[in-house]
Amino acid sequence: MSTTVDVAPAPHTTPEVIAHPSRVGAAVLSGGLTAALGVAGISLGIAGLFHKVASVHIGWLVPLVGVQLNLDPLGGLFVTVTGAVAVPVGVYLVGYARHEHLPRLSLAVLPLFVAAMLLVPMAGSVTTFLLAWELMALASLALVLTHHRRAEVRTAGGLYAVLTQLGFAAILTGLLVASASSGADTFAGLAAHLDRMSPGTRSVVFVLTVIGFGSKAGLLPLHAWLPRAHPEAPSPVSALMSAAMVNAGIYGIVRFDAQLLGPGPRWWGLALMVVGGASAMYGVLQASVATDLKRLLAYSTTENMGLIVLALGAASLLSSVGARDLAAIALTAALLHVVGHAAFKSLAFLCAGAVLAFTGLRDLDQMGGLARRMPTTTVLFGIAALGACGLPLGAGFVSEWLLVQALIHAPRGGDSTLALAMPLAVGAVALTTGLGVAAMVKAFGLGFLARPRSEGAAKAREATPSMVIGMTLAASVCAVLAVAPVAVGPALRHVLDTLSGIAVPNTPRLGVMLRLPGAGSMSPALLAAALAVAVLAVIALAQWGARHRPEPATVPLWACGADTLTPRMQYTATSFAEPLQRVFDDVLRPDTDVEISHYAESRYLVEKVAYRAQFTDAIEERLYRPVVRGVLAWAGWVRRAHSGSVHLYLAYGALGLLFVLVAAR
Amino acid sequence: MSSTYANAIDLTAGGFMLAGVMIVWRRELRSLVRLLAWQGAALAAFPFVEGIHQHDGALVAVGIAIASLRVGLLPWLLRRAVGAEAEDRRESTPLLNTTASLLVAGGLIVTAFAISRPLVSLDPSTATRAVPAALAVVLLGVFVMVSRRRAVSQAVGFLMVDNGIAATAFLTTAGVPLIVELGASLDVLFAVLILGVLTGQLRHTFGDTDLDQLTELRDL
Amino acid sequence: MGWPRRIKRIGRIVESATGAPGPAVAAPTAVTGSLQIRHVDAGSCNGCEIEVSGAFGPVYDAERFGARLVASPRHADALLVTGVVTRNMAQPLRNTFDAVAQPKVVIAVGDCARNCGMFTDAYGVVGAVADVIPVDVTVPGCPPRPQDIIDSIRSVTDR
Amino acid sequence: MTAGGVFAAALQGVGVAAGAPFVVGGMRQVRARLEGRAGGGIGQPWRDLRKLLRKQVVTPNGTTVVFAFAPAVIAGSALLIAVAAPLFATGSPLDSSIDLFAVVGLLFIGTVALGLAGLDTGTAFGGMGASRGLTVAALVEPTIMLAVFALSIPAGSTNLAAIVSTTQHHPGQVVSPAGLLAFVALSIVIIAETGRLPVDNPSTHLELTMIHEAMVLEYAGPRLALVEWASGMRLTVLLSLLANLFLPWGIGGDHPGVAGVLVGAAALVIKVAILSTVLAAGEVFMAKLRLFRVPELLAGSFLLGLLAVTASYFFVPALGGST
């Protein structure tokens, strides 16, 4: 597949190569700092979750308004999640940076990035929020451009810069409108003086903020930066961006559109559901045909963010028709999925980073057979993939279960919008789950099982201890979430209390047994236990007649009578995805071509057949190109005003000044 | 009694709509005709059930008449038209691929549900609750006529529209007068006969019943 | 429309089973009445293939004795080899034999498989099946009658 | 969780485990008779299983634990569904902890395990089977979810027992448009899920036409026995669910006595026998669908499922289910 990218730092297959000592020191320092920040974030966040944090106001830091920091349970949840992502990444970084020779700048910026991400949910006022947001954006941009010598990285960075700044502009406008019309800068003030805002203004703010935060969360149609930037960044950075930074977008939507402005009119919920559902299905579709491992994971991020926003929209819609207990279920689903996604996506990206570091491969077509050479990484990626496909025993299962419950229990026979939106949403979630499984089976089965399809894969080594430790930390969180969501139950309840505007708190009960307000219950822990028992029982049953069996034997693969099967005869990721690509041809619009070259002697003898399928992001093709063309045309028009004569420019300036003076008179 | 009546109406409505979806789904002309016969049976069941429920002999008679027409005569005519087709032309190739047309069909049905809601809420009785299904079949029939190539499948679409309209009539006004229904059915019969003739003419002129061929006539 | 009536009219066309022949070899795994068979054409003139397909067809119906043709030697307990072993098929035949899990039986069907038949010392012939892999049961005939093939199978499945 | 419920659940596990091969054998027998053959008898699959369990365990070169344990996972998940689902009685102790969503998830886990095993061998056919199997599953599992959600919406719960008992008390729901659409959708996807005609031909020898068989080409002996047994159990469980979700008559209640459980068992045996006979008889008249026409079939059933859910939101039945 032509999405293959040759990776700049050559894989170090010889363990003897140890980096320059000062570089080692830098790696340890940066990793330690990141992990420490993470620990601080976790402790602070948990304190915030249980209302233990007083608000801080630093007047001198920023003129006029100062910096306002306070941490309520909602912010506390996101701070905790970010911290929980930062800890494994920090540990992992120690080994990764030494092996991959990350430049000092990136090592220095990484903790800053984490700090900025921790700051965003702590912000208590619009100004502080915007400052932290921009700091986060710039830091992440610097990190994306780490390997800036490669063209793909530069284009990805450019796209990221443009989209994130556009998003920032939207957020800026929206929040300024909000605080201007309500005459308050702090969030508390906003909430207090909400009545000063006309419904129209609130809707404007809603649209602007959703656009801005959606671009950060990688929602359609502003997702295009995500599948480019996340793969190109160094893997620890990808993990941070894809597991923690995108959550900032979700946080923004919850904070402003659900808590401060909400509960909004009905179409807010519908709009969120449409955007979320579209993102989920489009993301999972692209993921199921992607063959670049990190690109696949990035698209899966779009998918999961889409599911979360779908849940938020459902919550808002349900509360607007008065079903506030169901809204609570949907909200719980959204928040739980934020946590779960952070866990399994960070783990997945860290594993992908390990693979990239020790095989130099990102293209699934060329991987394979890693299970024998890097067993630990394989197991850990398996845990992540299980979580990502939302199957039982996975970290994503419970949240998807809650989401579906909220959708199918919606009041019936009431109004048409609900009766139209809910079934379609259920269908979207169901289809997303199905395709997500196909995508993850492809990533795991073709990347780690089977036989190596390239030199790099054949020469793979297990990751270094610190990387393994980092990954194991994330994996343990996945395991806890998979079987015992009760662990986060109390925290989520406190968060729901802060969102009492749209949801009745204290539902559902996340015990060992998940109980819904209505009928309906499910227990992931019991499910896991029962499955384990059943599998053991089956293994015991399979011993029937064992004493009559001849000695077990290891035999060559069945090659249909031929002597050997070469690895080239295996299915690749491209061929695995081919049927799905065929089914969804109309959406994906791949450009495929088959070229057949014949022998010189006779054109009846085929020498080789080359099949190429390239997936360009259809939305990017159809939506962005025209916009860019328009902007260019406009710029060309503006250029006419540029004669190059200084006097003319001075005249422009003078006119502008005059105009302002007259206007501001 | 009333519960079984309600169930019967619900079942009929479901089968009526299901047959419509299946017609959009399938390609072979023969199975289209068979499904149409099913739908005719479902249509006939509406007045039949109503009649039994209200002890109205006329309605039962209407039901039987419709059954003989929709399940017996019309499918027979259509089957003859299909039989005359060359073997390799017996698949009606839709202009849209099946998946897309299924999506469209789903959209149409949901729309039908949505727009017929006020109608139902006018007087929510057992019969009127089945109106959305009938309306959905009308839309599906139009869609079939739009999206299919062969003349026979055009006829099928036309008959679906008529089925839908008739069903709506039965469900809203508990049974139209016998004479009206018979007149309507006669028109339908003529229409189908004309379509049959048209099919034959097409085959003689082009050796094919692909309606796109008619564009050839433009410049003559 | 016509099919159900046709099926009803035809009814059972299978020939009534004759008395079971004595077991030629002990049934593998000592479970009688179950034999998955992988058919290998080692270089046959396809005369035997026609008879084999006859033996598994509706008239002789080998399935009623627990025999079934399978797609992979891994699923098989027996190899049903037809024809002389040609040079190109010798190694594939060995590979197939090795691919079958223990315990396994080899049935050589037809004169060619038994003793190269008319192809004795012909060009490109390695030999009879027994020269390449151990054979347990042989079925004479050129080609053998389906009934003989059935009997050989029953002598293994012992049913 | 009552003694009767525990007894019913245990009996379900044993019954499905022991009865699945007979269901497969029965279907083969029906086919054989309709083709004019005598057939191997309804006990043939059991003979095959017993024989396979006495054969050698062979491990192909280069395969990992995934290949070794996938059969146990498939069989285990199927067995767990058999224990948890309301087959003989609705009072299974696991019912409250394994709901519909979880059941579909368990089915999917089995499919995934088999697909990974196919990929693990690293053969062309294994990969091909996995690719096709997962493509079909990715379209089938959502349809199963939708179809049964359409039934669980009136019940107001996704716990299978609740759905079944609701249908018991308001039989009208089955014949509602939603019920009808859901039934058709569910029957189609069950045919696809269990790899029957016209989606997949369980008795094909041509690797290139295989879906399910291609994934298990490398399995032999006891592991193959587990795979065959598991696919039989999946078929049986799905047919039983189809039967009990739409025609729950005869099934034992939440606190069943021994008699109730036995009656439920007998009723289920009859239902499954009828359903499997119909399925097998239908297969005689069908040819395998071209692989690239299969998605059209599944898209159709997905649409029916979606319409079923929509209909169950719109048509609130006159009696019952308006929870």
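Note that the chains take the letters A, B, C and D in the order they are written out, and that residue 1 is the start of every chain.
In this text, contacts are C-beta pairs under 8 Å (C-beta built on N, C-alpha and C of every residue); 3 or more make two chains touch, one makes a residue touch a chain.
Computed from a predicted model, the values in this text were never measured in an experiment.
Peer 1: State the pair with the higher C-beta contact count; candidates are A-C and B-D.
Peer 2: Answer by contact count: B-D.
Peer 1: Measuring from CA centroids, which chain ends up nearest the centre of the complete protein set?
Peer 2: D
Peer 1: Measuring from the mean C-alpha position of chain A to the mean C-alpha position of chain C, what distance in angstrom results?
Peer 2: That gives a centre separation of 58 Å.
Peer 1: In angstrom, rounded to a whole number, how far apart do the mean CA points of chain A and chain D lie?
Peer 2: 35
Peer 1: Just the number, please: Cα centre separation of chain A and chain B in whole Å.
Peer 2: Whole-Å distance between the two chain centres: 48.
Peer 1: Would you mind listing the residues of chain C that make contact with two or more other chains?
Peer 2: Residue numbers touching two or more other chains: 29-30, 72, 74, 101-103.
Peer 1: By the touch rule stated above, which residues of chain B touch at least two different other chains?
Peer 2: 97, 99, 110, 113, 117
Peer 1: Find every residue in chain D that makes contact with two or more other chains and list them.
Peer 2: 50, 54-58, 207, 217-218, 221, 295, 299, 306, 310, 314
Peer 1: Taking touching chains as linked, do they make an open path (line), a single closed cycle (ring), a hub with spokes (star), an all-linked set (complete), or other?
Peer 2: If you draw each chain as a dot and join those that touch, the picture is no line, ring, star or complete graph.
Peer 1: So, with touch as defined above, which chain pairs make the list?
Peer 2: The list of touching pairs comes to A-B, A-C, A-D, B-D, C-D.
Peer 1: What residues of chain D sit close enough to touch chain B in their complex?
Peer 2: Residue positions touching the partner: 171-172, 175-181, 184, 295-296, 299-300, 303-304, 306-307, 310-311, 314-315, 317-319.
Peer 1: Going by the contact rule at the top, pick out the chain A residues touching chain B in the complex.
Peer 2: 416, 419-420, 583, 586
Peer 1: Would you tell me which residues of chain D are touching chain A in their complex?
Peer 2: 17, 50, 53-62, 64, 66, 69, 71-73, 75-77, 79-80, 83-84, 94, 96-99, 101-102, 105-106, 108-109, 112, 115-116, 119-124, 126-128, 130-132, 134-135, 137-143, 145-146, 149, 152-153, 155-159, 162, 207, 217-218, 221-223, 225-226, 291-292, 295, 299, 302, 305-306, 309-310, 312-314, 316, 322
Peer 1: Which bits of chain B are touching chain A when the two form their complex?
Peer 2: 97, 99-100, 110, 113-114, 117
Peer 1: Name, in rising order, each residue of chain A that touches chain C in their complex.
Peer 2: For chain A paired with chain C, touching residues are 548, 550, 553, 555-556, 558-559, 561-563.
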